[in-house]
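Everything on this sheet refers to the single structure shown next.
Residue numbering begins at 1 within each chain, and the chains themselves are lettered A, B, C, D and E in the order written.
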Amino acid sequence: MTSGSNRTVSSVSNALSLDLSFRRADFALEAAGAFPARGVHAIIGPSGGGKTTLLRLIAGLERPQGGRLVVNGRTWVDVQKGVFLPARKRATGVVFQDYALFEHMTVAANIGYGVARRSRRAAVARWLTRLDLEGLAARLPGELSGGQRQRTALARALATNPDVLLLDEPLSAIDAHLRRRLRARLADVLGTMDIPVFMVSHDIDDVRALADWIGVMVAGRLVRAGRRDDVFDTPGEVEVARVLGWPNLLEVGVLAGDRIAGRWGGLAVEGEPPLDTAWIGFKPEHLHLHSRSGQGIAARVRAIAEEGLIRRVTLAVGGGGTLVAHRPADVPTPAPGSRVWLSVAPRHLRFMGEGRVLPGAASPTCETPRLGKTA
Amino acid sequence: MTSGSNRTVSSVSNALSLDLSFRRADFALEAAGAFPARGVHAIIGPSGGGKTTLLRLIAGLERPQGGRLVVNGRTWVDVQKGVFLPARKRATGVVFQDYALFEHMTVAANIGYGVARRSRRAAVARWLTRLDLEGLAARLPGELSGGQRQRTALARALATNPDVLLLDEPLSAIDAHLRRRLRARLADVLGTMDIPVFMVSHDIDDVRALADWIGVMVAGRLVRAGRRDDVFDTPGEVEVARVLGWPNLLEVGVLAGDRIAGRWGGLAVEGEPPLDTAWIGFKPEHLHLHSRSGQGIAARVRAIAEEGLIRRVTLAVGGGGTLVAHRPADVPTPAPGSRVWLSVAPRHLRFMGEGRVLPGAASPTCETPRLGKTA
Amino acid sequence: MTAPPGALDLAPLWLSFRLAGVTLGVLLAIALPLAWWLAWTRWRGKVVIETLVALPMVLPPTVLGFYLLVVMGPEGALGRVWRALTGSTLTFTFAGLVIASCVYSLPFVVQPLIAAFKRLDRRSVEASCTLGAPWWRTFALIVVPGIRGGILVAAVQGFAHTLGEFGVVLMVGGNIPGATRVVSIAIFEHVETLNYEAAGGLSLVLVAISFALLMATFVIGGERARRVPA
Amino acid sequence: MTAPPGALDLAPLWLSFRLAGVTLGVLLAIALPLAWWLAWTRWRGKVVIETLVALPMVLPPTVLGFYLLVVMGPEGALGRVWRALTGSTLTFTFAGLVIASCVYSLPFVVQPLIAAFKRLDRRSVEASCTLGAPWWRTFALIVVPGIRGGILVAAVQGFAHTLGEFGVVLMVGGNIPGATRVVSIAIFEHVETLNYEAAGGLSLVLVAISFALLMATFVIGGERARRVPA
Amino acid sequence: AVSVAVASNFLTPLKAIAKGFEAKTGIAVKISSGSTGSLYAQIAHGAPYDVFLAADAREPKRLEKDGRGVAGTRFTYALGKLALWGRMNEDPRTALLQGARGRLGNNFRLAVANPKTAPYGAAAMAVIKSLGLSPKHLVRGENIAQTFQFVWSGNAEMGFVALSQVAGVKLPGRIWTVSPKMYPPIRQQGILLHEDKDARAFLAYLKTDAAPVIAKYGYGREEP
């Protein structure tokens, strides 16, 4: 929300385009896309999906077996032509998942490492301040706490003014309090940059706050890429919905006209669902509870949890499944144990493919952003 | 929410009691408390506050300069008497912030390391399954992704059936999807354990889902300890509220009768605020917006963000401050730029001390839990 | 001289490898704890020990051998203790050679071990402790694999250097066929008596065997971290 | 022998330290890239190189010196090349000593460096690359500090061992006062002529200076990672 | 069995002698060789040798004086003969004299044994002095074997070696057997280290039966 909202389109051409394939032991990665000069691309996906590997490919730390990578019109990789620009010639700023700080250098020396000598002093001072590291300039990384280490890594990568910024979970070890401030600062920083930013993150709040675009990597494939809100709204593949934390995913068993059904019961949908539908899903806030029968699927209230303004209701449906509803805290909610009936407005139902199984999903659903985002 | 709710009181005596002081360079730690045999104690606080150090003190990896540590009636540390049980004789399970996996051993060997030979096979198989590591048993840690590494560390610590479990951000590198499942499993596992669990975490959701108690460490001091919901509801010190991510904290300037005021305006409170009050705070869902004047503090709507069922409204108040309100998404909200007036029901206002400054807070507000929690 | 003329007498070769093997074993047993202590202690006097350990290197082997001869001789401090304990003399025996070789090769074994211990990841040792492992288990399963590279260098240096050493061995051992006449002395003797062919032949055998042995060590030791299965 | 009888002739001492210093410099220049390559290459033949580097250790120094004398002599391969390049002979000169010492001490310098390179944290090198550092900057600021322990061991071994070495040096150098008469030869000579007092005196001076030097090295090198300020 | 410690220059003839002795008496001979100086140091520190055959008279004398050798058993078993070996085809003596007048290049090297440690070296130095040569062309071998190696490998054009090393061997260049008058006699002395029947028998054999072998290897005998 914070970042990107006031940006103007700076260029229609793409700053970075890639189409790479990479293999290692029993893991294979295929990724393709073109990315504008501005914007934060969150890369999300399950553990081991290849997010870090993708960043390493862009940084030049892994050598792909095939494909091309072009940044600002310059070819960084072209396997067929034998082009492979070494990491140090690629102006990438990288924050590693495990920091990789220079343990024998002070925090200040770490931050200034990639900066030209004449501007080093100023850059170090600026980044120490921006990332709340002032008092620690003379410390060695071994004398820092986990969060302090990560902030140092962040400062070090940002201080070089890179052409592409690669962040592997930049905020994961930072506590809630600081995270909020760092997130805002990061957003400010990224907002002043005319470069694409790729950020691996596990935190949906970070993605919401920082990302303009989302790419979802599952088992080495970019199964979905698109504007953040589009991906949030319409995951497309069930794997994507899982990554986004959608709790309500139902496998589609029977498919007849405008009605779909599974072991959980049946639901009416708007129009006919696409033929490759394997799952339906919806957000918890779109699940309505009725106390009278005849309206949708029968369920029993299992548990209720208060989370601030929201009440999280866990519901048991037929076939052993569980659904989750969010309800405003000020609306009366049936007590645990009560019997309720569930419905979802058809416009909130999302059809999804079985990412990994359907042949249609074998090539990534790569609805690649081609324009800078407007306000 | 998931864990602990159905627990019964197993013992009235404390399983672990500590009162330790520790110094290193320009950092000093003082912590005291007594903890029952059951329950998950979340330790939260800003980066560098000493959370990891506290766990290391309990594990026997740091030697305190003073104090005692007694676990299940056995004295692990008594500095005055010269008692210091070495780490390997303390039955602690530790998940390190940076994993500290045995890089030359397979995942299976890592997990089985602390288990007696006869039960090793079974334990390894069980923990591989419980933490979704089945296919990776024969891999080396160097061939794992970040999340896979952390799950291996978790399995290794849990496999030893320790007397005290120490988790330093056990879920921080795990993605949202998996995290939800792991959290639930962790809750199940912890639910079957008759031991105190100390978990450092940055994630308020983890704390909400897993912890029964919360201890807040700031600058080496346990500034607040209590039942989770009590701490969430009444932080007590402004530092604690910050750690919990409360966005609305106002410094109290004028204190007269039942009215308090600052640069942001004035508010009526219930009764007289305590004399050591330095701040007031309230949750965003308790901030009410009015479109007519005369009701509370004047403000201007700065930004509105949709977050599912919630609308997050950022408001500029007098004196350059910012407040945040959460509003249900289905209630009309004044457009950005509009002028509004803010109020908080007096019962939702929380008075807070200036943790670090007031002499009264110098000894930690350690309202230590003395009883197992009942449903 | 029991070997027929022309044929190579290989007994010294066997003696050398036995000496190098025994010496390496003794040295590792001494050097591992010593290096561990030197790497971790915060005692300020430890540089003195470090320096003392390194000192045998700077003396010419024959000279070092001379002083060892004095100390280990029947009137020397060590020699007298040894005689009191075992009833026999120490110089000109295999045991004496082992002791002398240990003194001479100690720095080459201790130093790489210290470096390796210093670089050992302390956290994995801590993890092992918290998992309840007794010190010997931590040492065998975590520490030793963690310093594999250092042990490899120490072993290669300790073994090869003892093989090639002859100044000390000549002095303390006295070139007694079958007992202290190791291959380095035999080759040296061939060179001294202008029997270059025999020297070349024996050198070639020594180099060939050492080559095979060292290469095997490097192949095995140089492998990527071995998998320790459950 | 210009020294008055009774007084110690210290010229060989100075020559030895000069030889050890120059040799160490040359060796580091050779061994750093060699060890780097051996540590990282995936070429399968590398164990052969590793083994070859270690081999000089197994030969008795005098024997090694004998073969070096042949190779570096006016009819030897190396000697001929050297003469073609410089017009002078290689044996019995300081330059010749340096070359011979390098061959002899190479394994003691290369091996700890290989071990150190293998343990170098690859990620910090990667981080340096992504920060745009050219290879020499990465090498000087990240790699070298990262293998400090290994360099320390390599330097101590290379230096001390060259100081103490005398078999090779004697063979190739010809014991020429002022040019190739190093301290180890001088001490050895005293022992051989039963002049034990002079041998003891010179040894003592050598050991004392070496002690001071090594101790200083350990004190400086053994410090906790030095802070590199911005 | 008899254990003999022998200076390395006499090792080869000793092996032949030992064979003859073993054949005649059936007593085995165990030989340990080394430099005279180290052997002396070892004997002084309890080395288990029965007989010591040095390259010199100095060490046996000292042993006799210290009581470590059996008094009255010391004798000269061989007289070393000095030879000048030059790799050129000129007469080495002529060439050496030219060298003395500075007609040989700067790279000219004359190898001698270390006069301090080897009697052959002392002998060579006496010859050099009498010829008036400058010491700047000298390279020193630690012992006579090393001196030989310097010339053999071509690193020195000439060298004063032991006649025993070059007699009857096919070598490049020419040899001048230096007149014994030009240098003090090189007395290689032996001594019995402790009373032993076999050892005495060996010494007796060395004095008498071994004479032809000793001569064959290029050593002289001291006229009694």
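Assume a contact is a pair of C-beta atoms (placed from the backbone, for glycine too) under 8 Å apart; a residue touches a chain by one contact, two chains touch by 3 or more.
If you want to know which protein each chain is, UniProt gives these names: A, B = Molybdate transport system ATP-binding protein; C, D = Molybdenum transport system permease.
This structure is a prediction, so every number in the text was calculated from the model and none was measured.
Trainee: Starting at chain C, how many touch steps does it take at minimum to reach chain E?
Mentor: Counted as steps through touching chains, the separation is 1.
Trainee: A-D or D-E: which has the larger count of contacting C-beta pairs?
Mentor: When the contacts at A-D and D-E are counted, A-D has more.
Trainee: In angstrom, rounded to a whole number, how far apart do the mean CA points of chain A and chain B lie?
Mentor: Roughly 25 Å, centre to centre.
Trainee: Just curious, how far off is chain C from chain A if you go by their C-alpha centres, in Å?
Mentor: Spacing between the chain centres: roughly 58 Å.
Trainee: When the C-alpha atoms of chain D and chain E are each averaged to a single point, how far apart are the two points in Å?
Mentor: Once rounded, the distance between the two centres reads 35 Å.
Trainee: Name the residues of chain C that each touch 2 or more other chains.
Mentor: In chain C, 62, 66, 191 touch at least two other chains.
Trainee: Hunt down the residues of chain E that sit against at least two other chains at once, touch-wise.
Mentor: 38, 41, 149
Trainee: Would you give the residues of chain A that are in contact with at least 2 other chains, written as numbers and ranges?
Mentor: In chain A, residues 98 touch at least two other chains, as defined above.
Trainee: Hey, which chains are touching each other here?
Mentor: All touching pairs, sorted by chain label, are A-B, A-D, B-C, C-D, C-E, D-E.
Trainee: Tell me, which parts of chain D touch chain C in their complex?
Mentor: Chain D reaches chain C through residues 47-48, 50-51, 54-64, 66, 107-108, 111-112, 114-116, 118-119, 149-150, 152-153, 156-157, 160-161, 163-167, 184-185, 187-188, 191, 199, 203, 206-207, 210-211, 214-215, 218-219, 222.
Trainee: Mind listing the chain A positions that touch chain D in their complex?
Mentor: 59-61, 86-94, 96, 98, 100-106, 108-109, 111-114, 120-121, 124, 137-138, 140, 142, 156-157, 160
Trainee: Spell out the residues on chain C that touch chain E in their complex, using ranges where they run on.
Mentor: Residues in contact with chain E: 1, 62, 66, 69-70, 73-76, 89, 91-92, 170-171, 174-177, 181, 189, 191-195.
Trainee: Quick check: in the complex, which residue numbers of chain A touch chain B?
Mentor: Per the touch definition, chain A meets chain B at residues 1, 25, 44-49, 51-52, 97-98, 143-148, 151, 168-169, 172-180, 202-204, 208, 242-245, 247, 283-285, 303, 305, 307-310, 326-330.
Trainee: Quick one: in the complex, what on chain E touches chain D?
Mentor: By the definition above, chain E touches chain D via 35-38, 40-41, 58-59, 62, 107, 109, 111, 114, 116-117, 138-142, 146, 149-150, 153-155.
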